[in-house]
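Letters A, B, C, D, E and F mark the chains in the order given here, with residues in each chain numbered from 1 onward.
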C-alpha cells in the first residue's frame, strides 16, 4: 500500500525577476512589477508530499518529525528571511520565479530522501499563484 | 522539466438544476433544493492548472498575467454575475451542475492553449463540494 | 465573566440589487453587475456571536447545539437555496445588499435570544466582502 | 468524460500512537508526544474524491447527497467524538496514524461504491499534516 | 497610538465534557457526544491579541518573539498533546468547554503581561465553533 | 443603524527592520532575522473596515467599488511590489513593522473618508502575525 504524506512549511523572502540578457524594455514587458530593482517579497508556503509504503511497525510512511527537520535544514534555513537573488547560491544566476524555486526545493529534498520514496513539491507564492513539480 | 502552474479565479452566478425531460417529482427527488424554480447561487472558485516545460529564458511555464487575462476573457466575462441557465449560451440546454461547469471551463480554456501545455480545471462550488476535470 | 461564543453557518442564495425608484441608468451606475435582471448568487457565510456569562454548571454561555438549531430554523430554512428577491418576505421591498441581509439576520435572531445575551452577526458575501452588525 | 467530484467531511477524535511490541523507550522515541498514555486529539478533515463518467441525464458523477450520507454512515458515525484506540474495532490493534486512518477510510468507502468509480481519500490531521490514499 | 497585535498558536488535546454533579441522563442530554467517557479531541487554534502603545524606538507593541515564547511556555507546553481532564491541573474540576479553556488561557497569559497591555484571547475549537474572552 | 463593511486587499512588498540609532548588536537582538540587510518580504493582506449608517436608498454603508478603488489608489499603488524602506516616502525614516504599516494605511485612508464613517484597519503580515488599528 502506497500512501502520500504531506508536511507544510513557510518561508518569507525578497526577490526580483530579471534576466541580464534581456533589454530593460524586455525585462519590463515580461516581468512587469516583479522587475522592481529594489525587490519585493512574498510569504511562500511549501507543501512537501512524499509517497511510499506504510511501515507496518510504525504506521508511518516517513516520520513527519524527520520530514519537518529536513525541510528546516534544507529549505527554511536557506531561504527564510533572505533575499533570494543576493543571499542564496541557488538563485545567483537562476531567475527566482515560482517555477524555479519549486524545482530547486524539489532537488534539494530529493537528494536527501531514499529512492523508494516519491517526491512532489507544491509552492504557493500568493493565495492565487501556485506551482507544483514532481520530477517529470 | 515539466512544472504545473495554477491561477485562481472567482465568479458569482445564479443557477438551477433541472432536466425538462424529467417529471416534476423526479426533478425534485434528484435535484432537491437545487431545483428551486427561482434559482439560487454560488461563489465559484476556479483553479486553472497548466503543465509544461519551464522556459529557460523567463523561468515561466506560462506568463501568469496571460493566463489571468485568458481566464477573464473566457470565463469571468462569460459567467460572473450571470444566471447560468438564462444568460449563457453554454447552459441553455446543458444542466449547470458543478461537473458540467467544470468541463465547459476546461473546453473554453483548452481551445486557447498551445497543445504542448496540459490543462486541469478544478471548480469549488462550495467549501465542501469540489470537482476536477483533466480532459480524460 | 462575559465570554463570546460563535457558531458559523452557510446559505447559498440568488439575489439582485435594484431600486425601483431609481432610473435604469442609476440602477446600472450604482449597482453595476449586481443589477443583472436575471439575478446572480453567492455562498453566504454567517458568523453568529453571542456574548454572556458562563453558566458554572455547564461551562456554556449557550449550548451551541441550541444556537445551531436556531440558525437553521431562523436563517438557513428561510434563505438557503432561495432567490432572496422573489422567495422571501424580508426582501420583497428591501434591497438584499450584504448590509441589509446582515441586519435582517440580526433581527431574526435577536427576537429569539434572552435579553442577557448580546448579539453580533457577521456576514461574508464573498471572500473579500464582509459586513457586521451589532445592534448599534 | 471522466470527472472527479469531492465531498469534505469532519470528525473529531482522540487517539494515541503506541506499539505494544516496542519498548517504552522506543515508543517514546518514535511517537514522541503522540505516545501520551491519556490520549490527545484532532479535528480530522476528510476529502473524499470519486472519479467517473458524468451521467448525461443528471449532470452528476454521483449525487453528492448520496456521497454525503455514505460518509456519514461509514465514517462520521464510526469515528466522530470517539477514542479511536478504545471505541473502534478498526484501531483495536492497528496504530491510528494518519496514514492508517486514511487507508481504513478508503477501504470502508471503497466497499460501498460501484467498481466504475475510482476513489481517492485525503485526510488532514492538522493544518500542516496531510495524507492521501488512492488504492495503490 | 494604541495598536493591537496578534499571534496565533495551536495545540491538540483530548477532552470530555462531564459534570459529576449531574445524573448520567443529564450529562448525556446537556453534553451529547462530548460526554463520551473515553474522550475525543480537537486541534485548538489560539489567537492572542495584545493592545498597547507602539514603542517609537522599535515600532513594536510587544516583540512577537517574546509573545510567541510566552504562549509556548504558558499554553502549548501545558496543553499540547494532553488529555485536558486527566493531564492538567486547570481542568481537574473545571469542565473543559471552549469557554472555560479560553478563560483559563486568558488568565495564564494575563498574569505574565504588564498592566499597560490589554489582552483578548480567541479560541477556535473547530472551524465552526469559536469563543473569545477579553477580561470582562 | 450602524453597520460595518469590510473590503480585503493584498500587496506584496520587501522590507527590513532596522533602527540606525541602535548598535548592530542591538538591531540583531531586537529585530533578529528581520534585520537582514538585503531585505526579505511578505504577502500583506489588508482588511479595511468602515462603519456607518446604511443609506436607505442603496442599502450601502459605502459602495464597495469606491472603497476598492480607494484602497488601490492609496495603498496598493503605493506599496505593492515595492521595497518599503527604499521605494516609499512613508518608511524612509519610520521602521516598517506591521504596527507602523497598519497605522500608516489607516492614516492614508482616514484622510479620504467622510468624518461620519469610522475606520478600522487590520493587517496580516503572515498567517500567524496580525495587527489592527482603529484610531485610538
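The criterion applied here is as follows: a residue touches a chain if its C-beta (ideal position, glycine included) is under 8 Å from a C-beta of that chain, and two chains touch if they have at least 3 such contacts.
As the structure is a computational prediction, the values presented were derived from the model and not from experiment.
Undergrad: Would you kindly say which chain has the C-alpha centre located farthest from the C-alpha centre of chain A?
TA: Chain centre farthest from chain A's centre: C.
Undergrad: What's the farthest chain from chain B if centres are computed as the mean of the Cα atoms?
TA: Chain centre farthest from chain B's centre: E.
Undergrad: Since chain B and chain D are copies that touch, just let me know if over half of their interface numbering is common to both, same, or not, different.
TA: different
Undergrad: Taking each chain's centre as its mean C-alpha position, how far apart are chain B and chain E in Å?
TA: Once rounded, the distance between the two centres reads 41 Å.
Undergrad: Which integer distance in Å separates the CA centroid of chain A from that of chain D?
TA: 28
Undergrad: Quick one: chain B and chain F, Cα centre-to-centre, how many Å?
TA: Spacing between the chain centres: roughly 34 Å.
Undergrad: Could you pull out the residues of chain E that touch at least 2 other chains?
TA: 127
Undergrad: I'd like to see which chains touch which, written out pair by pair.
TA: Those chain pairs satisfying the definition are A-B, A-D, A-F, B-C, B-D, C-E, C-F, D-E, E-F.
Undergrad: Using the touch definition up top, name the residues of chain B that touch chain C in the complex.
TA: 10, 12-15, 33-34, 36, 38-43, 80-83, 86-87, 126-127
Undergrad: Which chain B residues qualify as touching chain D in the complex?
TA: 17, 19, 21-22, 30-32, 94-100, 102-103, 127-133, 136
Undergrad: Within their complex, state which residues of chain A touch chain D.
TA: Those in contact with chain D are residues 1-9, 47, 49, 54, 57-61, 63-65.
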